[in-house]
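In what comes next, chain A is part of two complexes: it sits with chain B in the first one and with chain C in the second one.
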Partner chain A sequence: MKVEELSRLRPGSGRRIWCVAWHFSGDVLASSGEDKTIRIWKRTPNPPYFECRSTVDDSHTRAIRCVAFSHSGNLLASASFDGATVVYALEDSDYTESNKLEGHESEVKWVAFSPSDEFLATCGRDKSVWFWQVNHEDDDFEVVSVISRHTQDVKFVGWSPVEDLAVSCSYDGSLNFYQFDGDEWKTTQTIKEAHTGTIWSAAFDSSGKSLVSVGEDRHVKLWTRQSENPTSSEQWIRMASYAVDDTRWPLYTVGWNNLNGLIAVGGGDACIRIFDVAKVDGCETLRLLQKLDDVHSDEVNAVAWNPTQANLLASASDDGTIRLTTIDI
Partner chain B sequence: MGSGVISFAIFGRDNSRLFSSLSDAEVQSNPDLEMFIFCSLDIFDEKASKAQEMYLGQLYSDQKYKSFGLLTNSGIRMLLVLDLKCSSLQDQELRALFKRLHIQYCNAITNPFYSIGAPLNSRIVFKMEDGFSGVVRLSNISDFIAPNLDCVIPLETKTVHKKPENSLVKIHAKDKPETCEKIESQPAVKISLNDCLACNGCITSAETVLIEEQSIERFWSTVGSKSLSVVSVSPQSVASIAASRQIHISTAARLISAYFRSLGVSYVVDSSIGRQFALSLAYSECSTSPSAASAPILSSACPGFVCFAEKSQGQLLVPLISKIRSPQAINGALVKDYLRRKFNLQPEEVYHATVMPCYDKKLEASRPDFLVPGSSTVRETDLVISTAELASVLKDQELPTNEDLSEDWLHDFSRGKLIGEPGGSSGGYAERVAREHAAKTGRSITRKRIDKNSEVLEVDSEPKFRVGKVYGFRHIQNMVRKMKSGKGEKFNYIEVMACPGG
Partner chain C sequence: MGNERLDNVAPTLYNTKPRERPKTKEEMDENVEDPIDAWEIFDLIRDINDPEHPYTLEQLNVVQEELIQVHNEPKETYVEVQFTPTIPHCSMATLIGLSIRVKLMRSLHSKVKFRVSITPGSHNTEEAINRQLADKERVAAALENESLINAIDQCLSVRE
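Up next is the complex of A and B:
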């Protein structure tokens, strides 16, 4: 495996960076962090290959935990510890605030658009997962469902890339899956004690049939979908588990490359680990391919694979930098 | 000690052991545990720098144990080690447990014979067991509005500056005197139901206080001691009991009445008396209010919604909430004012309980707004019994025989005569307001049903008069969003209920 640093981006504030997210084109990257600022980075032909083209620093009053582009690229959403989620619309090649979604009682931890861009999911410390729907008449968002199935802080909510199916991860150690019944969002499956302690993040593969989750227990777990019947209570079952035993820090983030199948996992030990899924004796197992321990100097908060350039990984860290790393098998 | 709890220890700022639930010998005979405790202490330092509250959550886990920590504002570390398999203590319970242990610690160090930083030995009584007993279990409360995480009543209510003779170690207060150890004032902090009503931070304590103050057992023990006791029963409760026993509504009313009368209750009345007052006032409030600024008027009958409005959207919603009391509160005033005058009694000699379908009515009854005017202790409604509680005690109750009762309104309910009122499950405010406006203007009502939890009634008068029904958290959120953004059509009156279905 050949690993090279393509670029190192250091936003001025030097504060912790919480999240990075790619635009579908692969040429635009958004980042957010403790400095309450969203930065939009655009690809340029010369080093450092990415340049901060615009910043939004007046939409939130506390750290911005998460940013996400819609799949059309026309919208950008940010979730902040100030309890609000803000949606920005693309106007004259700039993202400007169009909607403020309030309702969470405390910190919003994650935000994500459904593959159809019809829905937006948010989750947070108030233990709830909210589903919002675009109202095309006035381009506003309406609450469709508020689900309080978790008993603790909900850290992450993510979507299958192929259908309106969402998963949430929580401090209570459980995974919840959600589907839309035409009227409301329903919890279709709860996996209790999926991890011991907090589950920090999860990611689907390109088919939407497999999911990896990572957590405080330093395990990477692989789940696969056994049945597509939404009424089945055992749609998802665990196929493999990998214990990362050379750290005592939580694993915070995971990204599944939808082009080449590599899985990147970032953790509190400042390392990024690259896995793949291999068949051993007919069983799917997780295989550690490489440990990258010199990318960051502090906790890795988010990883994101570029959607068009398979070997490019972006990562955000407490060390105040965004790294762009090329990883070739 | 609770099952699964391995050890509890307190360490000073310099990691010196101040207290351990296990003796040194016990710890040393278990090197794994000793190692584990040291590892956990390391993580204390790392977590402490990022911590935003005293409770640090889970610190560390290995194959056998997991540890949790609390760092006090004076740098004292409290470490709890649990068996890895122990799943009975969830975050909420652990927080409560640490709070208790912290209080214990504060009590222990206020002992004048104790010098700060010295090990807490047996002379300084540190009652571990108090911390572990009675960890309050969370139980489901039918509250569709999710609780906040933090209680507004902090653990310590008062900053007590230590007297110099109490401490050998000087605490260097820089610019903030709060950095010194906060000490529990005596007596212990009592969280009242009203505090909980204002916050809903931890359902746990609201729940315990509710169980204490508003239980049917409390009803049994108090009802006999008053000169006059009245129970107001909501028609929804009668209907529920009729349905569960599969009997006629008027039989159910007589059954309920016979049960209460057998306990010594003087009168059992229909809460619809109060509801009729509320309904008859609703339209006049709506039509006399200076329309533009104060519209829409939001119904006040649902305590869950009122609580939500005060708690999370105070500035926007509270001024719009109807000033009319809920049926329960009107009945309370009728009993504690009108009836007691009629019988020449003092308010404290009268007892008023209600039977209500909604658990949150218990919270409503405990609000200071509904104290008898001029009193700080006597409530207009002393106690609320939920339909479920009543149904469980009525389960084995025989159907009543006909009683010979005088034909006045105070006995109507006991004779099985109920006041009927059309308008759905939620009190009929929207219906009544729309119908009165339609009658006054001679126009008709058009209905637009959005889904099972929201409906719009529109009277095509000039200007248009719009009444909404908004049930459930989701629709309330969307209503709030529309009001904030100013988009969407304007309403004159909205009947809001926190529960889906009304």
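Up next is the complex of A and C:
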């Protein structure tokens, strides 16, 4: 495996960066963090290949935990510890605040658009997952469902890339799956004790049939979908589990490359580990391919594979930098 | 009147350790590099004020040098700090844990990693508090809460 640093981006504040997210074109990256600022980085022909073209620093009053682009690229959303989710619309090549979604009682931890961009999911400290529907006539967002199935803090909510199916990860150690019944969002499956302790993140593969999750217990777990019948209570079952045993710190983030199938996992030990799924004796297993221990000097909070350039990984860290790394098999 | 609201009305006071660092042979030798040790960590946190009483965490035996472990490993320096609430239902345990965390965060290099937890068996809800103290996101969010950060700064202020 050939690993090279393409670029290191250092937002001025030097403070913890919580999140990085790609625009579908692969040419624009958004970052957010403790400095309450969203930065939009655009690809340029010369080193460092990405340049901060605009910043938004007046939409939130506390740390911005998460940023996400819509799949059309026309919208950007941010989730903050201040309890609000803010949506920005693309106008004259800049993202400007268009909606403020309020309702969560306290910190919002994650936000993500559904593959069709019709729905937005948010989750937070108040143990709930909210599904918002975009009304394209007046570009407003309406609450469709508020689901409080978790017994603790909900850390993450993510979507299948191919259908309106969402998953949430919680401090309570469980995974919840959700589907839309045409009227409201329903919990289709709860996997209790999916991990021991907090589940920090999860990611689907390109087919939407497999999922990986990572957590405080330093395990990477692979889940596959056995049935597409939403009334089946065992749609998802665990296929494989990999214990990362050379660290004592949680695994915080996972990204599944939808172009080449590689899985990147970032954690509290400042390392990024690259996995793939291999068939051994007919069974799917997680295989550690490489451990990158010199990309960041502090905890890795987010990893994101570029959606068009298969070998490009962006990562965000407590060391105050965003790294762009090329990883070729 | 105020006393009735205290969790522990009459806490036991303990003798404090000498301020002078015990001198070891290695330490006198300038050719030996001094790695961080338990005494140094103890010295950072011994004077933190108890949130309820006009005493330090050392005076109340909440922190002790013996409850600090330092692992100097090739890839990281890892510090484990245990603290003992004065009573098993102490409602201030989370605040004390956060104060220790903040003090260490402000004093130690970011390469030094640490974990702050309750001495096993010394609190009714130790598992829940330990989980909160180990959750970087919860700690980060808590430290953005102005009244909480004021309470922590009170604990960390130097008493006249």
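The rule is short, and it goes like this: the second predicted complex is superposed on the first by the 329 of 329 C-alpha atoms of A that agree within 3 Å, B and C clash if a C-alpha of one lies under 4 Å from a C-alpha of the other, contacts with A are read in each partner's own complex, and residues count from 1 in each chain.
Going forward, a contact is a pair of C-beta atoms (placed from the backbone, for glycine too) under 8 Å apart; a residue touches a chain by one contact, two chains touch by 3 or more.
Note that the structure is a prediction, hence the values are computed from the model and not measured.
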item: Joint occupancy of chain A by chain B and chain C, clash or fit; value: clash
item: First (chain B), second (chain C), both or neither touched by A:239; value: neither
item: Which superposed partner A:196 touches (first chain B, second chain C, both, neither); value: first
item: Touched partner set for A:109, first chain B, second chain C, both or neither; value: second
item: Which superposed partner A:155 touches (first chain B, second chain C, both, neither); value: second
item: First (chain B), second (chain C), both or neither touched by A:125; value: both
item: Which superposed partner A:288 touches (first chain B, second chain C, both, neither); value: neither
item: Contacts of A:248 with chain B and chain C, given as first, second, both or neither; value: both
item: Which of chain B and chain C A:142 touches, first, second, both or neither; value: first
item: Contacts of A:183 with chain B and chain C, given as first, second, both or neither; value: first
item: On chain A, the residue positions that both chain B and chain C contact, one per complex; value: 106, 125, 171, 197-198, 216, 248
item: Chain C partner contacts - residues on chain A that touch it in the complex; value: 16, 34, 62-63, 65, 81, 106-107, 109, 125, 153, 155, 171, 197-198, 216, 248-249, 268-269, 293, 297-299, 318-319
item: Contact set on chain B toward chain A in their complex; value: 39, 58, 60-61, 66, 84, 87, 90-92, 146, 148-149, 312, 451, 473-474, 477-478, 480-481, 484-485, 487
item: For the chain C and chain A complex, residues of the former touching the latter; value: 75-76, 78, 110-111, 113, 131, 134-138, 140-141, 144
item: For the chain A and chain B complex, residues of the former touching the latter; value: 101-103, 105-106, 125-128, 138, 140, 142-146, 148, 151-152, 171-172, 183, 193, 196-198, 216-217, 248
